[in-house]
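Mind having a look at this structure? Questions to follow.
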Amino acid sequence: MSKFRLDEVDHQILDMLIDNTRIPFTDIAKKLLISAGTVHVRVKKMEDSGIITGSSLSLDYEKLGYSFIAYVGVFLNNTSQTKFVLERINEIPYVTVAHVTTGKFNIFCKIRAKDTKHAKDVIFMIDDIEGVYRTETMISLEESINDKKRLMHTIFQELD
Amino acid sequence: MSKFRLDEVDHQILDMLIDNTRIPFTDIAKKLLISAGTVHVRVKKMEDSGIITGSSLSLDYEKLGYSFIAYVGVFLNNTSQTKFVLERINEIPYVTVAHVTTGKFNIFCKIRAKDTKHAKDVIFMIDDIEGVYRTETMISLEESINDKKRLMHTIFQELD
Amino acid sequence: MSKFRLDEVDHQILDMLIDNTRIPFTDIAKKLLISAGTVHVRVKKMEDSGIITGSSLSLDYEKLGYSFIAYVGVFLNNTSQTKFVLERINEIPYVTVAHVTTGKFNIFCKIRAKDTKHAKDVIFMIDDIEGVYRTETMISLEESINDKKRLMHTIFQELD
Amino acid sequence: MSKFRLDEVDHQILDMLIDNTRIPFTDIAKKLLISAGTVHVRVKKMEDSGIITGSSLSLDYEKLGYSFIAYVGVFLNNTSQTKFVLERINEIPYVTVAHVTTGKFNIFCKIRAKDTKHAKDVIFMIDDIEGVYRTETMISLEESINDKKRLMHTIFQELD
Amino acid sequence: MSKFRLDEVDHQILDMLIDNTRIPFTDIAKKLLISAGTVHVRVKKMEDSGIITGSSLSLDYEKLGYSFIAYVGVFLNNTSQTKFVLERINEIPYVTVAHVTTGKFNIFCKIRAKDTKHAKDVIFMIDDIEGVYRTETMISLEESINDKKRLMHTIFQELD
Amino acid sequence: MSKFRLDEVDHQILDMLIDNTRIPFTDIAKKLLISAGTVHVRVKKMEDSGIITGSSLSLDYEKLGYSFIAYVGVFLNNTSQTKFVLERINEIPYVTVAHVTTGKFNIFCKIRAKDTKHAKDVIFMIDDIEGVYRTETMISLEESINDKKRLMHTIFQELD
Amino acid sequence: MSKFRLDEVDHQILDMLIDNTRIPFTDIAKKLLISAGTVHVRVKKMEDSGIITGSSLSLDYEKLGYSFIAYVGVFLNNTSQTKFVLERINEIPYVTVAHVTTGKFNIFCKIRAKDTKHAKDVIFMIDDIEGVYRTETMISLEESINDKKRLMHTIFQELD
Amino acid sequence: MSKFRLDEVDHQILDMLIDNTRIPFTDIAKKLLISAGTVHVRVKKMEDSGIITGSSLSLDYEKLGYSFIAYVGVFLNNTSQTKFVLERINEIPYVTVAHVTTGKFNIFCKIRAKDTKHAKDVIFMIDDIEGVYRTETMISLEESINDKKRLMHTIFQELD
């Protein structure tokens, strides 16, 4: 769908940034045998076109005392409330992901909490939003995979 | 649970890195009125202690032709196969997240695909893993929230 | 239940029309060694008795940009609203089939949409009808069979 | 997705054929103030490009003794059997529609039968296919809408 | 729980009546080598004590045009309405059995109807009772066993 | 569907027998102002044509120590085993009703038992039949309606 | 069902033991104005008749590091394995309660674990028992009531 | 989590009390070769720190006429009512355990009743609490394990 066309140099730059967002542009330039200015221009263009939307730090939540992960399915009284409820959910920082979904739930969220007791509080915050009529929770016993890098590399390999 | 104790300067450094992983250490230093060397030492210490585990690029998947998101619940024949199946799932780059869960599913995955047809292929890859006896799929109609930054800021505010 | 009795000539005419609704009556007549007038009279009689209710064009929806098919189960607040809700659903052209059903749903619909985003809009239209209290959606990954002709031929073979 | 571009004349021809597949081309020509030859060429082109894939007769199944409609959800032992099972299902003429689906079922079928007893026989035929491990049936109490014409007209209005 | 104790003669009388409620008391008497008066007294006593509560005719519902059997699970808004709703259900003659149940349903009914259309009407009658908030229907494809006689004989064999 | 036509006299005879299967034919004759012989002939004819299939005694199961009623849904490994499993179920006298059903169960049974412990034994008998892969039980807390007479009277009123 | 009849003195003794199992018999004797020997005899008789089966210490599991409670529903391949599986479950000390149940599960357990990770290990122990084909887990967010004393007092009040 | 540290003597004392809460302190002292005063001090300290919260009598409920056990899942209209509903549930002595849970239920209770009829009354008491919108009941056919002692011994073995 993107009108903007990435060429092989863009892919190689992205491949390096995916592995380490903090890699200096001079290092990228050296490896690709191009100037640092070119790297800068290319990255800028990918940011302007909206392909690169930012970067995020990866922290060890367990070390920070947030080892509890749960998925919460939300049933609404009426789907016309979807936008309103999502805005309220957006005010709860413990919700890191939320989707409008097909199937039995109207909205499906991922939450991170400190422990069972804290998770209960977060779930109750969601339950208490006007328009939410019930929630169902599924608890993660282990986060086995959380890795977008494999997908990103695959996308650029496919595009080449 | 972390034995390593973060002080307020660490929190302020993290707060800035969370918003922009590529911010130069000299900028952080200037804002906090400390030396760039100190920033470097602090970040290094947080990396060594495992609090910071890396950084990741945020791309616009829709612009890259990957607009289809689904959650796939996996039923195993037997939980003794969990580790084996997770290793197989880990070979499918379109699976970006996988959890061992309570409730009706044994494993719960998030996948990104190009379209309905591609999603079918990815789901069938999971279905065909030895030990998987059924899957159930819930399709995302809209990814409304995907933001760990709010949580990260909240964690460091709480710790202060 | 039909009082009207079809004879073997009717069956042979129907068999040809099932395969090609646009076949000229003169072609049918030639094959059956009867006059075109007879064909005309027979078809007219089957239309008047309500056996033949019309004909419909088969288009390639995918080529027309409508590749998304879903089944939507509708729960009503009260079955006394069934007729009213069906009239509202009937105003949504993206709903091509709707049934009053046994089991967990009150009404069960088939929809065709352009893509995930459009499907969401159509589902929300249904959800917003007064009297609808929830919907559940099941998405088609592939329309493998859509063929009434086999059934029609079978019916007339059985009747012979 | 279609490379072939339909113009307004094509849409008007399709609009007339949708309502009556047996309408003579001379009638279409008269209404659109073009020659019958042009109509013929246009329809031919739409057939060659695969937009028009055929036409089908609409019969009153109730009058023909087939008043029983059910939806049958099929669970497979393994999705690798999907293609094989669909080929077996395709040999049962009472199955008029079959989809590979997300959600709890692997395959979802629509069947038409004479009565409860006949429906049982058809369901048992599906159940007995190798690779099918269970089916669940939902019975239609009334086919309230079965109409693709509204959608077709809408598609061409949108395209204009 | 019964204070009233049945002896072997009672059991033998019951065994004969179970097989044929219209058997003359003189026949029973002859077989058991007792007087018809004794049979009469014994039956009267069993009726007075409430062990025998009546007799019912067995008709072939299919021959009478009532071949459609369904089980309807009823969800109430509130169990305090159970008694009221059962009284309303009791006014619908097509409901032959109704239970207050554990599990997902509050009330569970068996209905007999003429055909699919009639069944829909009966289900809608139940759905329209005040206090009923939803129903779920399961259709019988075949009544394979309907026989209390085996149980009755077993009870009296056990008691001997 | 019955070819045999009942007239009003038949209906009146049936109406009386429904209420009391043991009513003497002379009583029926007197009320209808016909001869006892006519009553006899009519009843015989209805028995021969299969409309009347017998009669059954109504006992108070609670007084007999059988106060526990449950519905047991049976899942089969394969529907081809339906006939075989029903024959095995038919050997368990505590099963008074069994249906082949649509929906999630393959077979649906009604059982009567002495108490919780006995019910467990009966359920385990069903579970242990070859071909049965799981059962689900729903327990009756109260048998509120068990009355075919209302339906029978309604049928004959409708026929008049 | 107990043949052994408790009198009011027994009830009063039980009422005191329920509140404090370690209360000295002399204290009970003083309060009831009977001899300590009588208390001893009465308690002995209630133990011999099996009414009193023992006593148990109440510990604060949270203080002992066991704050995680979950209910685990177990599906068996076949109910004939129930006894065998229960013996295996009985070897897992983290399972404190297990029932054979009606409804969707064959066996229903309560477990106590240290945390999410430990709970996963316990659930996997159950899953790995031969004959267990799946489990479903429901996690307790708060144990709000765990009190048999109210019931015990009620029983003896009712008996008086 | 407990700040209070138990040493091996505490564990040995607890091990003996777990098996018999009524064991005299002099018996414990003799076995551990310490003074009865030390036992007293140790137990007092464990009570004061909240590790030992009491003791409870084990009665044979079946002998007392309470042989019916059920699990009741409670759905609330809104989780903000959780506290209020738990207070009402707490007034029903037949509810011995209640948890706030994840999954489909908001509250999950264990009840003990005399028989099916009594269970119905208890379930209806819960259903009639304001804020409860539905309940689902699962009946125990056999309480196979109810034993906290194994867990307690395991905890103290692990701690050593």
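Order as written gives the chain letters A, B, C, D, E, F, G and H; numbering starts at 1 within each chain.
In the analysis below, contacts are C-beta pairs under 8 Å (C-beta built on N, C-alpha and C of every residue); 3 or more make two chains touch, one makes a residue touch a chain.
Remember, it's a predicted structure, so these values are computed and weren't measured experimentally.
Of all chains in the assembly, those touching chain B and also chain H are A, G. When chain D is fitted to chain G on its Cα atoms, the angle of the rotation, on a 0 to 180 scale and to the nearest 5, is 180 degrees. Computed centre separation for the pair chain B/chain D is 43 angstrom, with centres defined by C-alpha atoms.
Centroids built from CA atoms put chain H at 60 Å from chain D. Multi-chain contact residues of chain G (touching two or more other chains): 67, 100, 102-103, 120, 123, 137-142.
By the touch criterion stated above, chain G contacts chain F in their complex at residues 75, 77-80, 82, 100, 102-104.
Contact residues on chain E toward chain D in their complex (touch as defined above): 67-68, 116-117, 119-120, 123, 137, 139-142. Those residues of chain E that touch chain C in the complex are listed here as 70, 120, 123-124, 127-128, 133-139. For chain G in complex with chain H, the residues that touch the partner chain are 1-2, 4, 14, 17-18, 20-22, 49-60, 62-67, 69, 71, 86, 89-90, 93-103, 105, 107-109, 112, 138-155, 159.
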